[in-house]
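We just call them A, B, C, D, E and F in the order they show up, numbering each chain from 1.
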Amino acid sequence: DDHEAKESGDTWLPSLITETPQEGFALAVTLSQKGVGTTQPDAEVRKAQRPEYAEDPDSLIAASHVIATHFQTVAAANDYWRE
Amino acid sequence: DDHEAKESGDTWLPSLITETPQEGFALAVTLSQKGVGTTQPDAEVRKAQRPEYAEDPDSLIAASHVIATHFQTVAAANDYWRE
Amino acid sequence: DDHEAKESGDTWLPSLITETPQEGFALAVTLSQKGVGTTQPDAEVRKAQRPEYAEDPDSLIAASHVIATHFQTVAAANDYWRE
Amino acid sequence: DDHEAKESGDTWLPSLITETPQEGFALAVTLSQKGVGTTQPDAEVRKAQRPEYAEDPDSLIAASHVIATHFQTVAAANDYWRE
Amino acid sequence: DDHEAKESGDTWLPSLITETPQEGFALAVTLSQKGVGTTQPDAEVRKAQRPEYAEDPDSLIAASHVIATHFQTVAAANDYWRE
Amino acid sequence: DDHEAKESGDTWLPSLITETPQEGFALAVTLSQKGVGTTQPDAEVRKAQRPEYAEDPDSLIAASHVIATHFQTVAAANDYWRE
């Protein structure tokens, strides 16, 4: 979390395809965090914010909503792992 | 709820396919809670928050929205249980 | 509203298919309420909250948003009742 | 607005099909209002709330979001009026 | 912005088809504003609100979210301007 | 960021097609910022707001949600970069 590739640097998203739904969910979490990291690139600031929002149920529900939105994308990309 | 697999441990999401729409809705609820649990992994903290947001209609509506978003995904995965 | 099946009990969602768009909208309302009921299973508490959020325009708009999200799912399931 | 069919009464949503995109947008507005009307069925209360939220930019943006969500559904139902 | 067609009057949305993605984005902005204008039809009031929400980052993010939702619709209508 | 094309001027969105998922994510970020820039066109004001929302976890989560919504569009446009 502390260590993060620069936007125009390392590859952090080579593909949306995952082996399993569960890995797809983990990717959705990563995408959500990346969206936050793009707006607030300072990992120290983000780390300092964590206690604040992790104690606030409404923040947690909002974060869960972002994950849900990305999971829609990842699940569609993988044709819902139907096979 | 108190007992939860570590992210990179047990399998909690083997498939998005369910027998019935109602089981699909229950899976959407699970996915929503998992999104919260990923950001706040301490089950004790989450348990302590429950009275707070369960009494707040706006939190309940927001939680219902996350479930609705995941239900879209699960329903599509199951081709809406059309037949 | 006061009387509600336990989650792992009676069937409340046998199908997403409805005869008409209007019945589909009513089902979307049911799904939205079920999402709230899952997080706050005590019907008495929900009943007590009703005056609070029913008087708050922002809560009503948020509730309408959840219905809209579920209506997307139900409408797709019914192929938009096109014919 | 003041006069409204009871939920289980008159038909207010016979179809999602409209002649033009503009009529589809108007239908999305109707669906959004219906979502509010379902939760707060008292037209007098809704009327009294109007000055409050119509003066609040955040409420207006939230209402516009609900319309956007329903417009996705209506537009898909009409195959985006591509012809 | 000040001058606006009445809802049941002039045509403001003849089609969702645009030449380019950029024009599609502009249409999404128009649809978002129209959603606001439907709920608050008084252009003077809307104009007076502008300084308030244009200075509030959260309002701007919320407005951007509505645009994103409409852009999904417009992009799908145009088959993503793939060719 | 400071330098920005006028709305009806330069081309900033020639296509939704990108080489990789990661570039698609970057495009989603651009679209989100453009949505903000359309409502608040003054780059100086936006710059002044940045410290405010970049320190607020809820704003960051909301911004991440907008990115997620645009990423759905860009990913679909690119057929999820499946091959």
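One rule holds for everything that comes next: a residue touches a chain if its C-beta (ideal position, glycine included) is under 8 Å from a C-beta of that chain, and two chains touch if they have at least 3 such contacts.
Keep in mind it's a predicted model, so treat the numbers as computed, not measured.
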Notebook entry, point to check: Going only through chains that touch each other, what is the minimum step count from chain A to chain D?
Noted result: 3
Next item on the list: Would you pick out the chains that touch chain C and also touch chain F?
Entry: none
Checklist line | Per Cα centroids, the chain farthest from chain F | finding: C
Checklist line | Chain at maximum distance from chain A, centres defined as averaged CA atoms | finding: D
Next item on the list: Would you mind working out whether chain E and chain F touch using mostly the same residue numbers, over half shared, or mostly different ones?
Entry: different
Item checked: Whole-Å gap between the CA centroids of chain A and chain E -> 28
Checklist line | Contacts with 2+ other chains: residues of chain B | finding: 53, 58, 62-63, 65, 69, 72, 76
Next item on the list: Could you classify the connectivity of these chains, where an edge means two chains touch, as line, ring, star, complete or other?
Entry: ring
Next item on the list: List, in order, the chains that make up the ring, beginning at chain A and going on to chain B.
Entry: A, B, C, D, E, F
Notebook entry, point to check: Can you list the residues on chain F that touch chain A in the complex?
Noted result: 20-22, 25-26, 29, 53-55, 57-65, 67-69, 71-72, 75-76, 80-82
Notebook entry, point to check: Considering the complex alone, what residue numbers of chain B touch chain A?
Noted result: 7, 11-17, 31-36, 38-40, 45-46, 49, 52-53, 56, 58-59, 62-63, 65-66, 69-70, 72-73, 76-77
